[in-house]
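Next up: some structures, all given as structure tokens.
Each of the next two complexes has subunit A plus one other chain: subunit B in the first, subunit C in the second.
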Partner chain A sequence: MPDGKPTMAASRQIRGPVRSFARFISLEFLLLIPFLVFLGLFEVYPILNMAFRSLFDLEGNFTLQNYINAFTKPQFQIAIRNSLLFATAASLVGGIGGTFVAAVAVRLPARWRNLLLSLYALPMTLSGLVVAFAFIVLLGRNGVLNLLVRRAFGLPPTVYFNLYDWPGIVMVYAFFQIPLMTLSMAAVFENLDPNLVEAARNLGARPWQVWRHVVIPVLLPGFLAGMSIQFAGMMGAFGTVLALVGMAKNLLSLQIYSHSSESTYNLPQAGALAVVLIAITAAGLALLGWSARRLARRGT
Partner chain B sequence: MIRRILFVLLVLYIVVPLLMPVIFSFSVFWQDILPQGFTLDWYRAILSRPANYRALLVSLTVASGAVLLNVLITVPAAYVLNRAGPGWGQRLREGATILPLLFPPLIVGTALLQAFARPPLALTGTLWMVIIAHAILGFPFILRIVLATFQTIDERTLSEAAASLGATFWQRMRYVLIPNVMPGILSGALLVFAISMGEFEVTSMVAGFTAQTLPLRLFQQIRNDMRIASAITAFLIYVSFLSFLLMTYLGARARRLRA
Partner chain C sequence: MRKVWLPFLIVLLVSACAPKVTPTPVPPTAPPTPVPPTATPMPPTPTPTLEEMSYEERVAFLAEKAKTEEGVINSYGMPEIWANYGGIFGEFQKRFGIVQQDIDMGSSVVLSRMTEENASKNDIADLKPSFAAELAKRGLTADYRVSCWDQLPEGQKGQDPSTGSVWYAAYKGTLGWIVNTNLVKTVPRAWKDLENPEYANMIAYLDPRATGTGVNTVEAASYAVSGDPYNYQAGAEFLGRLHKMGLIATVDPKVTVDKFQRGEVGILINFDYNLLKWKEELGVPSEVVIPSDGTIASGGGVVIAKNAPHPYTARLFMEFLLCGDGQSLYAQAFVTPMRMGVELPPEVAAKFPPKEAYANVALIDYTKDAAISEDLKKAWAEATGAQ
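Moving on, here comes the complex of A and B:
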């Protein structure tokens, strides 16, 4: 095992990934093995296995039918379209809302800011069911807010905010997405050097010019990174929708869920849909990553 | 003034929805704008009904198991990943952050369900499967926190200083590193615990009937009995809230000690 100061100093002179890797085949590397084995056996292998089995039908014959179904059956076409629209809408709501909250948070006194950011870390661990329940009580057909508004304006009981349609579902997910974005953007805003803004102002830049040429270029990479997390999370989301409307809404995630654990049980089909979902998520992440890199290169 | 109003509104945005199940769980009756009466009956129902009580025990077992597994596996890995150089080390660190994005809980659930359905590893439907699934979902969170802690305490310099004073690998671990990283490990453990206690998506796919956790009971009760559902919901909110209170305390203490 490389130990003590002389070895460390000597090894630092050696460069290159191969050498650095060789140095790690030591006791320290052994500490990484349980982690790699665990991830390999319980995350990578199951997913590869699922992708492989999606190429066979229920009798075990090789087929591409599961993938053809994914793109030709109306039920799945609608699910893919809905998932894309839903994930984009929920990410935008979360992204814009979270950026706003973070912008407010960094302007608050330290004590308030810390309190606010701790509070906004809370939804991260909350069950989708907990949040669904909370919003049913608050905004369900006879939820507290709906009752209050109806009483206040003397409206009939047919008037209510519909929690069980797309806008309602996006709003409930915003309870997860806005805080998540707040946490990543708060770190980005803290890295924004006030001297930079000051300098731009002193050089005679107008407020919109400061935003256009100074603030936005600094914030954008962090914003896009946050959006990746938002989009990926929303593509796979289904717990809260399931609790709110059951299978009444058609999402790719819900189709995968129902094909792997409900009456429509068909695991190879679920696997093919899961591969499609991974591919869409990967494409979304690649697009966001590419824009961030492009912007970084252009420097504005 | 505007700042103060905005602050209050932003606090209310999180607090008001979360107060709803809490108020519901203590009320005898809530059909109108204001709830009526005060009762602890719905909480009693968690403890007195065998199915609910069993679910509580299963949840606690699973969460503890997932935490233990992650502390044993992810913390040593974080130590190595922090020391690994910019080449493959960086690639591994990036991989560990992109993995949970590409493979959301839904995908992990479906994949685990298929991979371990038959011997030699017929784990689907067992408690083990649920623990493993929760450990997989929790690892990015604990890894990130522990990795960040290793970076803030500047583990390399610390280790080199200890080594130059003649400390062996195990002595460095025992007296220098572990005490310094403990707040990070505890925070990560609390986060994994809280996430596991509330996890519904993957659990509902891999658990079957033997490993019914509290959130699975909650899913059934939302349709059957809103009052018991409210007590379970409120209980899960308390678990998250307490975990974050402890994590905030640990974070503040660590900052104070370093200062």
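Moving on, here comes the complex of A and C:
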């Protein structure tokens, strides 16, 4: 990397401790280079390239049409709306569910807690495709659970839990999201000072008051940080939906997939949609981060 | 994290399959770049005679040449569950020891991908005839005419006058649907019957943006609703209504029977040749319906890639498929073969829906199909996007 050399050359003119410090810095920097190169090649360059290409039409003329399409064409408007609603719903389900599981988990004896948490790491290693098919086997129209319930109550086959609509899809994602949230919230709960809770109790607070005035304010920044991870993940959620309903549901991520690889092959349009997706996610994260900071400031 | 698995998987698959093909050790006899061994440009082998050879001579010649080509054939869009390709490539392997490696994709993807790759990664492909003709127009298919060229009906084959590239329709069928009779109590007999809340989350069809069958589905619905298969707006709106009613369970970007087989969806729209085979093989109590208010029939196109990594293998396969036993292997599995004189065996024909069911079928005109395909996809995406 050329950036390292000027520092080295400059360092020769400086004496003593300053020089060794400069050398130390440049060494650190050298160690960072592989990471920076990786980041540049696989993160920054593709995003810039994509954003750049999204400004041209298929013939290579400069245009903003792809962005105009993204906000005016009904199919994209609905995709944006669906993605926002879906990401919010899935994050809330995951966030709230995960928080409660974490609250229970930290009260377990260490051995059980560790077992539970390591079991919870499992879903995150599974491919979305595998999980989708597992849920079809378990909860599909002819899935084990539906069959059992129908048998047990003598219900007709028209009665079933519908895995192939939004509630079903959100539920499948909860399988990933709840453990993810649990893992991040478990750490937050562990850091919750029990003295605070005891102090509140001693001062006569009822359990719900303890939650409302002590526990929740302390947990909220961590909760919001966890929610950011959830929301960012869910905005791009894609593999499991595709395996469950194919293109029958309209999500921004599916529109991008459809435009880039599977069908219409309109890369500039896909690029524009991806930039919109990134912008929405960034805005969501900024909002969550801002409220977390505000709360943290108010707390002190 | 997990939602990036799928694209990764695809990329992996692509990269796992593709590079294996590219660094082909150049066979000693072949020219450095695989120039098609046809009569036209700079023949390195005694090619001028290939044109005069009979089917048997060509097969012997090509099989000999193909021995230097790794023993694999790379195909796009020819999965084993489609049009008996499982059986056809099985027989091809038995006879010539050549193994098929398929990457399944819809017609649209084949078209754009072969264009992107300059037709240099795959040997052969199956895609809808109008797109096959489009590939020929772009000069991306080989200019090889099979030995039985004259026995293929007019309009079901073509050689582009400017590029010399050739396309074929190898088989044909009629669009209908298969109904799981365990799951669906009243079997829908017509497109209009589908508009029934009873079929909530029951129906699956292929994505028109990705697949030719998807486009044909919109055309068939248009024909049923408006009497004109190319009045795509009518069909797109009809399907949009089904989506709004919550009847559509999945729209698949490539052909799959998993959910139908598991009883997750009860009505699967596809071509009759696939439906009849699935009825026999999937073990699902089912019925094949040709909608009474009208549907379409269309051919299935096949091409040899212009810059195929295994050019002789590709030509050998095309001879086998179109002029050899490939056609009767189609026929044995309900796929109506294209070559004149090859008929469906009577015991196979007997399993088709009765002749009357086929009374209201429009044969797709590939030129008109090509003209509307792009607008059709947009109309469909807009009509069904409200989900």
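The rule we apply is simple: the second predicted complex is superposed on the first by the 274 of 300 C-alpha atoms of A that agree within 3 Å, B and C clash if a C-alpha of one lies under 4 Å from a C-alpha of the other, contacts with A are read in each partner's own complex, and residues count from 1 in each chain.
Heads up, the rule we're going with is that contacts are C-beta pairs under 8 Å (C-beta built on N, C-alpha and C of every residue); 3 or more make two chains touch, one makes a residue touch a chain.
None of the values given here were measured: they were computed from a predicted structure.
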| query | Counting only touches as set out at the top, which of subunit B and subunit C does A:Ser253 meet: first, second, both, neither? | reply | both
| query | Touching A:Tyr164 in the superposition: subunit B (first), subunit C (second), both, neither? | reply | second
| query | Residues of subunit A touched: more by subunit B or subunit C? | reply | B
| query | Which partner does A:Arg141 contact after superposing on A: first (subunit B), second (subunit C), both, neither? | reply | second
| task | Identify the partner contact of A:Lys73: answer first if only subunit B is touched, second if only subunit C is, both if each is, neither if none is. | result | second
| query | A:Arg53 contacts which: subunit B (first), subunit C (second), both, neither? | reply | first
| request: Determine, under the contact definition given at the top, whether A:Val245 touches first (subunit B), second (subunit C), both, or neither. | output: second
| message | Just to be sure I read the superposition right, which of the two partners does A:Phe176 touch: subunit B = first, subunit C = second, or both, or neither? | response | second
| Of the partners subunit B and subunit C, which touch A:Ser228 in the superposed model: first, second, both, neither? | first
| query | Shared contact residues on subunit A for subunit B and subunit C? | reply | 124, 126-129, 131, 136-137, 142, 233, 236-239, 242-243, 253, 257, 261
| request: Give every residue of subunit B touching subunit A within the complex, in rising order. | output: 3, 6-7, 10-11, 13-18, 20-21, 24, 30-33, 69, 72-74, 76-77, 79-81, 83-85, 87-89, 98-99, 101-116, 132-133, 135-136, 139, 160, 163-164, 168-169, 191, 194-195, 197-201, 204-205, 215, 218-219, 222, 229-230, 233, 236-237, 240-241, 243-244, 248
| field | Residues of subunit A that touch subunit C when the two form their complex | value | 73-76, 78-79, 82, 124, 126-129, 131, 136-137, 140-142, 157, 162, 164-165, 176, 233, 236-240, 242-250, 253, 257-258, 261-265
| said: For a test of understanding, state which residues of subunit C touch subunit A in their complex under the given definition. | reply: 1-7, 9-10, 105-106, 108-109, 112, 182-183, 201, 204, 207, 209-211, 243, 246, 248-253, 259, 262-264, 377, 381-382, 385-387
| Of all residues in subunit A, those that touch subunit B in their complex | 1, 3-5, 8, 16-17, 20-21, 24, 27-29, 31-32, 34-36, 38-39, 42-43, 45-47, 49-50, 53, 101, 104-105, 107-108, 112, 115-116, 118-138, 142, 144, 147-148, 151, 175, 178-179, 228-229, 232-233, 235-239, 242-243, 253, 256-257, 260-261, 267, 270-271, 274, 277-278, 281-282, 285
